[in-house]
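First up is the structure itself, then whatever we jot down about it.
Labels A, B, C, D and E are assigned to the chains in the order they are written; within every chain, residues are numbered from 1.
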Amino acid sequence: MKYAAPTALLIALFAPLAVHSDSILAIAIYGFMAASLAVSFNLIFGFTGQLSLFHAASFGVSAYIVTILVTAFGWNFWLAVVPALAVVLILSLIVGTICFRFKLKEFYFAVVTMAFSEILRLVILNWNGITNGSLGITVVDRPSLWTPSGAVQISSGIAWYYLTLALLVIVYVVCQRILSSWIGRCLAAIRLNDQLGETLGIDVFKYKLLSFAVGSVLAGLVGAFYGFYSGFVEPHYLSISLGLDIIAMVLLGGVGSLIGPVIGAVILTALPHVIDLSAELRIGLYGSILIFVILVMPKGIVGLLGSRKNAA
Amino acid sequence: MLLDIQGLIKRFGGLTAVSNVSFGIERGEIVGIFGPNGSGKTTTLNLIAGILQPTEGSILWKGNEIGRLASFEVAQQGLIKTFQNPQLFPELTVAQHMRIACHLHIKRALGIGRVLTLLRGTPGELDGVLTRKIDQMLELCRLADKRGEVAGALSYGSEKMLGVAMGMVCEPELLLLDEPASGLGNDEISNLDAVLRDLRTHGVTLCIIDHKVGFLGRLADRAIALHHGAIIAVGKTTDVLDNSAVVEAYLGKKHA
Amino acid sequence: MSQLIIGQLLNGVIVGSLYGIIALGVTLTFGLTGIVNFALGAFMMLGAYATWYLYDVLGWPYVPAVFGAVIAVGIIGYLCDRALFQFTRGNLVNGLLVSIGMISVFEALVLAAFTTTPRDLTYVLPGALHVGGLILPKIKVAVCGVFLAVIFGTYFALTRTWLGRAAFSYAQNPEAAALMGIRTGRLQTIVVVYSTALAGLGGGLYASMYSIDPTIGSGYVLKAVEAAILAGIGSVIGALGGGIILGVSENIGSVFLPSAFRDAYGLVFLIAILLVRPSGLFGDRS
Amino acid sequence: MLEVADLNVSYGKHKVLRAVSFGLQRGEVVALIGPNAAGKSTTLRTLAALKKANSGRITFEGGDVASKSTADRVRCGLVLVPEGRQIFPRSSVHENLLMGAYHRPDRDQVDGDMERIFSMFPRLRERRTQRAGSMSGGEQQMLAIGRGLMSRPKLMLLDEPTLGLAPIIIEELGQIIRKLASEGLTILLAEQNAAMALGCADRAYVLQSGSIVTSGQAKQLSETSEVKQMYLGA
Amino acid sequence: EDVVKIGQIEALTGPTATYGWMSAQGAKLAVEEINAKGGFKVGDKTYKLQLTQADTRGEPREATVQFRKLMEENVRFVFGPFLTNIFNAIEPIAKQNNGKFLLFAGATSAHSALGKPDHDYLFRTWNWDAGPSGFGKLMVDYLKKQDTKKVAMLFQNDAFGKTAVDIYTALFKDAGIELKVELFEPGTKDFSAVLAKLATGKPDFLFPGYSDAVLYDIVRQATESGFANRFFLVRGSIGPALKNKDAIEDYIAYVPKYFEQAEKTEPKVKAFIENYKKTYNREFPYDQAPLCSSSCYDHVHMLVQAMQSAGTVDDVAKIRTALLSMSYDGLWKIKYDKTGEEVFGFDVVHVRKGGSVEVVKYDPTND
């Protein structure tokens, strides 16, 4: 289990040599981005114990900002990422401050973050002048990323594959570093017994906010790439169902482990394509698999594999 | 005076749990707090530790008011309190508890330099220092053989001891212990006694609540007795325990 | 103008009572089994379809059809509890996933049986009441009345009976509850079945007011969760109150402000209330 | 009345109780003493079916209770007052006490019993409407004991009842226990506070690392040098 | 035995599935019918059809993956999508594959892509809104004739809703009819508030969209609470009108075919309906968008005819030319204008209080 992440990375690095299908690459790319989302979400949920439903909003807002800056104002993609992440940071600090100052816990926190997220979605949905409302914005040409030199265009499936893989690695490493440090221990303390943590000198508010903001900004980073790769952004990016999907990925893979959400995300992204059946059968089977997996492996896939790594 | 409490009052609705309590604690002392059940002992310590906010009165720590600070700020100033009902992180092992309790140590040692450790991935040298320190502390508290067990699997006595060990590893200047000996057997209590005496020689000031009069009566230099939220006796421990009001309200006649 | 407002106020109450009945199920199951049962929306959908089937397809009279649906959904709830929920008790996270999985399964079953085509029941109680310039559809008034009766009935049952006391105790400390001689497994099953049956009732009555399709549940269960949280988990009357607050703020909001933001009006209220009372309007403060 | 034979209990691989056997007669007070982590609480929890035994027999009033759940055992009169209080924190003192009577068929008699408990612990009467969770540690302990008595047990298992109680109350508790026993209640008392336990028990067992190492009349035991040294702090 | 692969990309599940699901039924019906007859002959070879139906769930991202898959499998003829947001999502990928395949999309947003460079792949199969021969213009003219001054439009706030609002806002403005627009969130069931609000403006007609489910709810709630009783619809069924026939004043629906009537007079329609009932073992959904199933049914047949007249099953350019120049007389009368936009005959069904129905037929294919 210790070598799970490096092994997976190695396989991922060489997989495109064997796979030549554009659609499989696309599934992998979406899988990587979903995994990045899930890993960053798990920082907030699995490791800090805060069930945030703001993740989709961070993701979507950033995707919108980048897309608007690039399509309407002609910005360079990389440049556009900066204000996008800044906005996500500010939003998450505002929402986080409100929630944590008022000591909203558990489902109260979940529902209030969902409320903020929904309000943002409705604003984007109805702010027709800027966001083109429900139609969303299409990146007219095949989306491509310019490297700073302006020479190489990243537009092929393979290039995006490695780019999003790198994104996942970055998100993973950032979370891993945070969790293996003293911050990770503070987060664990907050998750398990915040009153005790507080009497041991941990500034619970500060660390909750930190984890929420870092997780949200990472989600924003994923959003920036996601909108660009898929070629369109739409209000659905901020939907509750995306938030629930992320939760399902994390739970399936295993909360409280770093690699778990990656596994969960890849499986849940690929699953609908693997079970290629009539629509009714497919969703029925999808649900049954979800239920079955949880009943058989109550701690997620990683929990089943045995080595549960704690964050302290 | 290390800690100086003046006119402390705490009301819960119509109930006055602490009424006009004033006392001081000098550096290096061991102060015992006695009193019948519900007399306001825990509430007083919670007020000092910032877990509760006083209704009235002032709490001066080295001359500065700390009555309105949050509990983590109080802890950062060097006052640590343990809980009467053991409070732990159920999923974590004993050793992990101790690592978390080293939070303030790391913060003091590295300051903002902690951020650099993020890049390296480990806290570096400090790691060895902390491990040694934790081992030593667990040894003292007879928890060394339980270091790998999760808190949920501990017996009540071990839970209590872990709480004390965590408090000690925070390196407080003043350690507030709420009934550390309740649930401990005789043997463990004498060990605790030795540990706490040793702690004092290292310059830590202690303020302890306990109903084990034998234990705390021997340990404390000075005692305060509370009844109905008010101080009914204060002074040398033996004097307080001989005080007739204390005997009547708390010890029962035969103990006198 | 004032007629418009009063009319929408009343309509908000009616819509809110529907949120409330599902919220009651949400609040009870969460309080007693530690599961946020998102599948209650799906149970509601099943109740709606069962009612439609008994009433429109098999030709039963409406009231027996609703009873039939409630019983059917209750039985399904029982089976789900035995087969699934009892293994996820006390585990919020897994309970949530299992209930999300069940939504898919139920949706697939209904899709397979009845397709995505919406159904619209033969009108049960057509026409409207005209009261002082206000027009209120009879069916809505009747449905709201039933919901109010059920919610208040539940409230009295829970506050006045030993079963209710047992439930409240269990919610606070399951192990101690077992030590009081409470058959905790049975209690949890009762609660799961009762809340699914409530959802079934909600669905059965819903079908008499609105058209139904396999996806109707998801939106309502979200509103119900919002209502339950707004009220404070565990509060029975709160579930109703929370539902009504949401219903009214949505309705009144869409009259004065763009209706595209309809859902936001309730949410703004929700945030505002939780900031003043972080554990809900009727919830415990600590 | 209660017969425990060859009880083995473990948490995962960790064996906590090894071949523990003992018995209680009706109306007897039996103390179970031993150092921390000896397995006292585990024994009591197993008797109350909160923990599953690996092997061994538990007979209560002549019948094997192996298949009975916690609730069913309570209904037979086997009641545990758990360690660490375990009250219902958001209910009032009054409601907590009422819950003790939950399983009783004669719920109309609870008022009388409640009076009795209030006279044992006057503090509870004073605080009957207070939320139990906000009570002091010792007050909660009184409440837990009182609630256990409300269920009119035949056999009451008390796990560290003196925890956090003031000396004067411990004194009274000893008297209460004796009085209950004289009324026919059987009591199994797991205690750290050996002085108190041996003071009010008829017989006692000493548990060490999961095995019973000594047993006998409480009076005699408290005079053996080993017990004196280990448990009474002589 | 040779096969021609046909793909279909539609929402078969999810909240927006009604249309996609209906189209999938229609396409399947046509394919089975053709294969049951032993396939079709092009040149001297006989081909059978092989249909791959991809479920987008109404989610754009899913659609892009599914669409890539179809392209990889060298599917040259793809039916769908009906939904605007899905079309917008796959359009960039489709453009890259221009020349390799033909897409028969129903989505309204496809209208504006027709005739643009790199869009030779595109045909539009279901034009009941935009452009000179779409319903939109004709509808507004009809309204004018009813002496209409004010119209209230109540649409779902999704990609299509926005597209429709944009189209109709311009049309009503040109016609000098005052228009008040309100949008509602997908999934809304209770329309009382917004209906009450619209009613305060006293519009002559309410123009609600767009799925059958919301039609039933809106018409019922509007009439029951007295908010509106005259309705105008650019599509859809007359089911809600008949169900509330005593409460409505007017209910004017534009449908490609008034099936209830056509079944009695046109043998082709009768056969289609019977075949449908037999295959799917259920009632024919007269009031539930039969338009999509009949449309797809026709377009598959039309495509086969085009292949036959072009004499090839894989030269998409030739087949495209054949399609553009032919006209097809199936359940509907269909032809394409030179950009690939569809022109077809349709019926205006006017239901009045009590349930009397008056049908006027239009046939722009003859113009």
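We take it that contacts are C-beta pairs under 8 Å (C-beta built on N, C-alpha and C of every residue); 3 or more make two chains touch, one makes a residue touch a chain.
Protein names from UniProt, one per chain: A = ABC transporter permease; B, D = ABC transporter ATP-binding protein; C = Branched-chain amino acid ABC transporter permease.
Since the structure is predicted, the reported quantities are computational estimates derived from the model, not experimental observations.
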| note | Co-neighbours of chain A and chain C resolve to E
| remark: Chain centres computed over CA atoms; the one at greatest distance from chain C is chain B
| query | Using the average of all C-alpha atoms in each chain as its centre, how far is it in Å between chain B and chain D? | reply | 29
| If you average the CA atoms of chain D and of chain E, how many Å lie between those two points? | 76
| note | chain A to chain D, mean C-alpha position gap in Å, rounds to 51
| note | Averaging C-alpha coordinates per chain, one finds the centres of chain C and chain D separated by a number of Å equal to 43
| task | Can you tell me which residues of chain A touch two or more of the remaining chains? | result | 125-126, 279-280, 282-283
| field | chain E, residues touching no fewer than two other chains | value | 13, 17, 21, 157, 183
| Got the chain C residues that touch at least 2 other chains? | 107, 111, 258, 260, 263
| remark: In contact, pair by pair, are chains A-B, A-C, A-E, B-D, C-D, C-E
| note | Within the complex, chain A is touched by chain C residues 30, 36, 84, 87-88, 91, 93-94, 96-98, 100-105, 107-109, 111-112, 222, 225-226, 229-230, 233, 258, 260-261, 263-264, 267-268, 270-271, 274-275, 278-280
| message | Which residues of chain A touch chain C once you look at their complex with the stated criterion? | response | 98, 102-105, 107-108, 111-112, 115-116, 118-119, 122, 125-126, 240, 244, 247-248, 251-252, 255, 279-291, 294-295, 298
| Which positions of chain B touch chain D when the two form their complex? | 12, 15, 35-39, 41-43, 84-86, 153-158, 161, 179, 182-190, 211, 213-214, 249-252, 254-255
| In the complex of these two chains, what residues of chain C are touching chain D? | 162, 165-166, 168-169, 172-173, 175-185, 284, 286
| field | Footprint of chain C on chain D - complex, ascending | value | 48, 50, 69-72, 74-75, 79-80, 82, 86-91, 95, 98-100, 102-103, 107, 133, 147, 151
